[in-house]
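In what follows, structures are represented as structure tokens.
In the two complexes below, chain A is the common chain; its partner is chain B in one and chain C in the other.
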Partner chain A sequence: MKKGKFSILEHELVPEHMVIEESEIKELLDKYKIKKGQLPKIKLSDSVIKEIKAEVGDVVKITRRSRTAGKSLSYRLVIE
Partner chain B sequence: MPEEKEGVAEELMKSGVEEEIAELIKEEFMQAELTVDFEELSDMQIEEAYVEDILVMLGREEEGEVKLGDIELKVNKSEMPEKIKDELKKKLKVVRRKLSSENLDEILGKIAEKYEKAQVEPREAVGIVAAQSIGEPGTQMTMRTFHYAGVGAIYITQGLPRIIEIVDARKNLSTPTMRIKLMEECALERNKAEELAVKIKETHIGDIGKIEASTEDMSLWLSLNERELEKRHIKKEDLEEKVKGIGTDVLVEGVEDGKLRIHGNNKFRLTEFEKKVSNLLVKGIEGIKRVLVRRDPDGEYVLYTVGSELKKLKNQKIEGVDFGRTTTNNIAEIADVLGIEAARNAIIDEMMSTLEEQGLDVDARHITLIADAMTMDGEVKQIGRHGIAGEKSSVLSRAAFEVTVDNLLEAAIHGETDGLRGVTENVIVGQPIRLGTGAIDLVARK
Partner chain C sequence: MRLKRIKGVKFGLLSPKEIRKMSASKIITPDTYGEDGFPIELGLVNQRIGVIDPGLRCKTCGGRMTECPGHFGHIELAASVIHVGYAKLIYRMIAATCRKCGKVLLGEEDRKRFLEEIEWQKEKQADVGEVVKLVFKEAAKSGVCMYCGESQKRIKYDKPTSYIEIDEEEKGRRLMPTDVRERLERIPDEDIALFGMDAKSARPEWMVLTVLPVPPVTARPSITLESGQRSEDDLTHKLVDIIRINQRFMENRDAGAPQLIIEDLWELLQYHISTYFNNEIPGLPPARHRSGRPLKTMTQRLKGKEGRFRGSLSGKRVNFSARTVISPDPDIDIDEVGVPEEIAKELTITVNVTERDLDAMRETLKRGGKHPGANYVRRADGKKVKATESNYETLAEELDIGWKVERHIRDGDIVLFNRQPSLHRLSIMAHYVRVMPGRTFRLNPAVCPPYNADYDGDEMNLHVLQTEEARAEAKILMAVKRNIISPRFGRPIIGGIHDYITGLFLLTRGDKRFEQEKVQDILNKIDIEDLGEPAGTFESPAGSEDSHLTPYWTGKQIFGMILPEGLNLQFRGKICEKCIERGEECKKEECPREAYVMIREGNLVCGIIDEKAIGSFKGIIIDRIFRRYGEEAAKVFINDASRLAINYIKQTGFSFGISDEDIPKEGKEQIRGEAVHEAEKKVEELIRAYEAGELEALPGRALEETLELLIMQELARARDDAGDIAERYLGIENPGVLMAKSGARGSLLNLTQMAACVGQQSVRGERIKRGYQGRTLPHFKSGDRSADAHGFVRASFKDGLSPTEYFFHAVGGREALVDTAVRTSQSGYFQRRLINALQDLEVKYDGTVRETRGIVVQFKYGDDGVDPSKGEYGKVVDIDEIIRETVEVEETGA
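Moving on, here comes the complex of A and B:
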């Protein structure tokens, strides 16, 4: 992955996205007692998803900078 | 008044939870009979405490006091936000000599307890609270502002119209603008910043010369304004190339006194051809109508534009532009170029700064909730009938919002059922709503 000055992953508005393992997905779903489809979504055509090459059905972990908490974790399911 | 704005932001960040927690921590210390006045503690002193810690780590550890590692470990293990953890660590480290291991556990336990209490209860109607928390200050917002906020001479939509633009997820803004930050070597020198401004602003042939159509030989005569050319760093040869690019049989020849004669092909009529040549982009980014160089309070030169073209700016990769810190007020554009998460951040930033500009203090968490709801499905959706409200599963809820008859008719045709699970539906039929205490059912034991 080339990270030029004009890479969107380096943009200050873009938080870190990371595809997580199957085991971590299970842990997450168990923790909140939800199904995969109930997670917030992110599109396959999303610029960041294209950049990190995630696939439909993957869950991405997003490490956001939060105004109130300092750091917060969020998850999105990749959809078509 | 940028300085004032910064002050407000700072205050906002300091207020609320953080202050409460700071108060809590102080309280807990007092209960543990420790007297430390954090207000009087300077950064210096805190740093000194750290230096002492290093000495301890080198082997001058004393018995019976809480170790540095313990604080790290225990605080990290507690389930609290990063910000509170950091503050706790910093403050605990200063007083750790006076603490026993039990004290530490007690302090952490109590803080965790209070933090839990401060959280939103399950089944609390957070959306309603958010709506009211923005709605009330919204009534104090100016309906229409004509003042030139922020940048001199560029008008940017502010106040209520701007808030409406954001929550409606408009694609075509009334005043799109970019804030282009520059790399260090350009950000500190006005000349270089101005140079970049010229590179970015759109320049058409019509801007740098006069075109005369001659019906006599069916060609155009272009007399260039040399001063404009120089100002915009445009070479005549490049310009000729650009003109030739219009079509295969376009001929350009230089004539005496600096004029250019342009022969069009016969496909175009002369007036059409003239328009085409006049609108030919020779430099810059199409759509950037003006670029203003302005010095920010921190001494950095920043470019403000009229018109927003984030994608083109990204693709052109103009040297000196710090794309990583460049933003636009067009959220749809951000979603397109930088993704949905960036759009979420942009919604929060834009709404907060619009409210702050008007001197309104709304907690960031309400705004965050709105941004989350708008970006939930991977695309930016408006709040209204074409977005969140229109996609509710309940017929009655949709009908209660807008276009009642259409919704009911549509639902009747498709034979929809309403599970009466939401708030609005239950208010309509006169049942208790399933929120707060209403969310709890009683189960009789046999």
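Moving on, here comes the complex of A and C:
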């Protein structure tokens, strides 16, 4: 990142995105009895994905503030 | 059977070869039935192309009337004919191709460029139409063929199906369909792609017909009239015409008739085939029936509201359903529906006769056509017999296990009840049948809100469930009592409206006393065994010599009788005037307006029951009973409350008439003077200040805006003041005020406008200023800024509006009308789009929301997994309430 440029990750409206480990992915897929392709998707061109340098095939964990639940977790598969 | 996914749909043209291949019979004779009454061989109602007569068998597949789906036949046309549906495309194609070699008139480079562009569009799954349009445009420009050097001639398209070639000397030569076909044949396969088509499935010459497919008779069945005469379908009529002309054409040509006659017949054949496809072609007179009615041909079958798509496929009619006007009946349960006997005798449920219901079904059958009877019996061998006056006795005797009886619906059967527009799931709910005399469906007014129904002529639909599974599902998921709480906002949507609220309001207000007989009268439709201890005794008849002390019960006590035992609840009713919000202390039990409702151990300790307590959308008591005691208790409570309210209001009487808008003279003067005149004077003062340049602009406003704003404020206050004065003079005993305050119907604003002052009319939030230059109407001077020149209506509806006031009111009213019209159509469309996008999503057993492919949309439904109709206003539990209750239990217990 260039000096002086604002990082979107800092913005309060951008929830926390985190690439998760292979083992955690397996746990997640087992929990919901799904295949990787059944996860919600996020594009590689997404600003946050570019910023955190995630790659196609990675799964990101997104932690959001939620009006109903306080904190909510969701996962997305990075695609082309 | 394995489910298959549709990968794609391919459209193409039928080639003559294909038409002949799929044909089960050649059609030669225009006749249908012979002397013997049987279909004629090689005729239009040929037994090879399907059977519509019972008893006959199909000569192609061997099936009977119900088994054979029908098969296509074909007519060999004596001369080729343009397909009207493709006439325009044919024109573009012959104009874009060389008249000699058939190649598309594009240079190699253009050709390549367009082909690539089309390929790219297809890859993107986008529309190739735009590119193809360009191809036609470019190719039609060329005067000389770049491949064979032939100079091209201009083509004129003469609607609907003629093409004329014009040479240099401006002489025209008609291209006959055969010429057209030859030219299309010459277009090489490689060039077809330039038209966005695929030569394998659509060669352009197939757009000129040489063979005509004949649809199976099952697609154009004849009907037998009452006179025994056969009446053929419009398509059959049309096909008869086509075959006749086709034959004449052949005969004349074979006999060597003059060219002129041949051409005439050719034109006639073209006309019949064109109208066979579409009988509404501009420029062609529609083909008519003998009676003069235009024939309904192919296109007419598919097109429009009544057509196959919109009429038959998207909108289907169903059996086992009924529709009629609804009317109110507060004496039936909220989950019942009153069904007219006439309808009950028509709608049936099929009962599989078993050991257990054999006797009962015999009894039912024996009743014949009388109400709880039966209409049809299906024997064990599958034969269906109608139960009639003459045979029901014997049918009842014969009835045996394994038979099926189609019995009338009767009290207690579960049915689905629906009112359009079905905007949410509560628009279709399951009710229990209650057969009654009359011709309307009866509905408890408490269930009007979910259906958004009223009784000004609304009609509703009823569907009888036909399987045990459907009935079980309806009972568990769709029953009215399951849907008392709306899934939209988590509060009761079923509850008291109008008179229910007024009735309970009057009953529970103040200290009403009733002696035993009265109490029992009020409660006569409610199942209450014990009246409990009377509240006290009074002298009755009062002041008389032989008066004696009689025990009495209060209205609040009576209301308490329908509350579940042990119910504890307290809240501030609708009539509370926001004591706490205004910074005053709520006096609770001592509230002078009785606005504080307290229920202890199932007794109404204090407070008046109003909309907030039992109304639909609010209904705190209903809500609490539903959550604490369950749906059945809530249902029983609403039933009891509606009967109690109606019974009481019936006995006291309640009405509202024009004289209830009367305000005494001094009140009128006060309104005219204190409220209206004062305000008008202030407005004049504002205008004077503005004109003198003394007015100061508000921040962010122009001077003129400021003036308008201040005037609006002043006039709005005038109306409010007028309303306050009116309310004071009308008093709480006024039925209008009472209805507004209790939430039964109407608002104080409505009353103000009726009794005191209608107030400022506005368009887009501003005073009315449109009309002439500088004035709204010729009655005013140009530049007049006064109140009455810009839509202030000082009169009340009761007084009557002056002509100018009346006009301004119409101007303001129009905006409201337009707004609602626009809003409903826009929100309706938006809702449809939302529903279309979301309808296949499902909450799975693991709490995830997924679409049909199993892709997760939400990992937990709504992030918290709470069903809004089950949780406490968006939360899983209401902790505050639990604490309050626990503390109370401990306090009272201690």
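In this text, the second predicted complex is superposed on the first by the 75 of 80 C-alpha atoms of A that agree within 3 Å, B and C clash if a C-alpha of one lies under 4 Å from a C-alpha of the other, contacts with A are read in each partner's own complex, and residues count from 1 in each chain.
We adopt the following convention: a residue touches a chain if its C-beta (ideal position, glycine included) is under 8 Å from a C-beta of that chain, and two chains touch if they have at least 3 such contacts.
Quick caveat: nothing in here was measured; it's all calculated off a predicted structure.
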With the two complexes superposed on chain A, say which partner A:48 touches: chain B (first), chain C (second), both, or neither.
-> first
Please work out whether A:40 is in contact with chain B alone, chain C alone, both, or neither, and reply first, second, both or neither.
-> both
Give one of first, second, both or neither to describe whether A:32 is in contact with chain B, with chain C, with both, or with none.
-> second
Which chain, chain B or chain C, is in touch with more residues of chain A?
-> B
Is A:73 contacted by the first partner chain B, the second partner chain C, both or neither?
-> second
Chain A positions within both the chain B interface and the chain C interface are 40, 66-69, 72
Hey, which residues of chain B end up touching chain A in the complex?
-> 13, 16-17, 81-86, 183, 314, 317, 322-325, 327, 334, 336-342, 345-346, 348-349, 364-365, 368, 372, 375-379
Given the complex with chain A, which residues does chain C contribute to the contact?
-> 846, 848, 850, 853-860, 862-864, 866, 874
For the chain A and chain B complex, residues of the former touching the latter = 4-6, 8, 10-15, 17, 40-43, 46-49, 62, 64, 66-72, 76, 79
Which bits of chain A are touching chain C when the two form their complex?
-> 32-34, 37-40, 66-69, 72-75
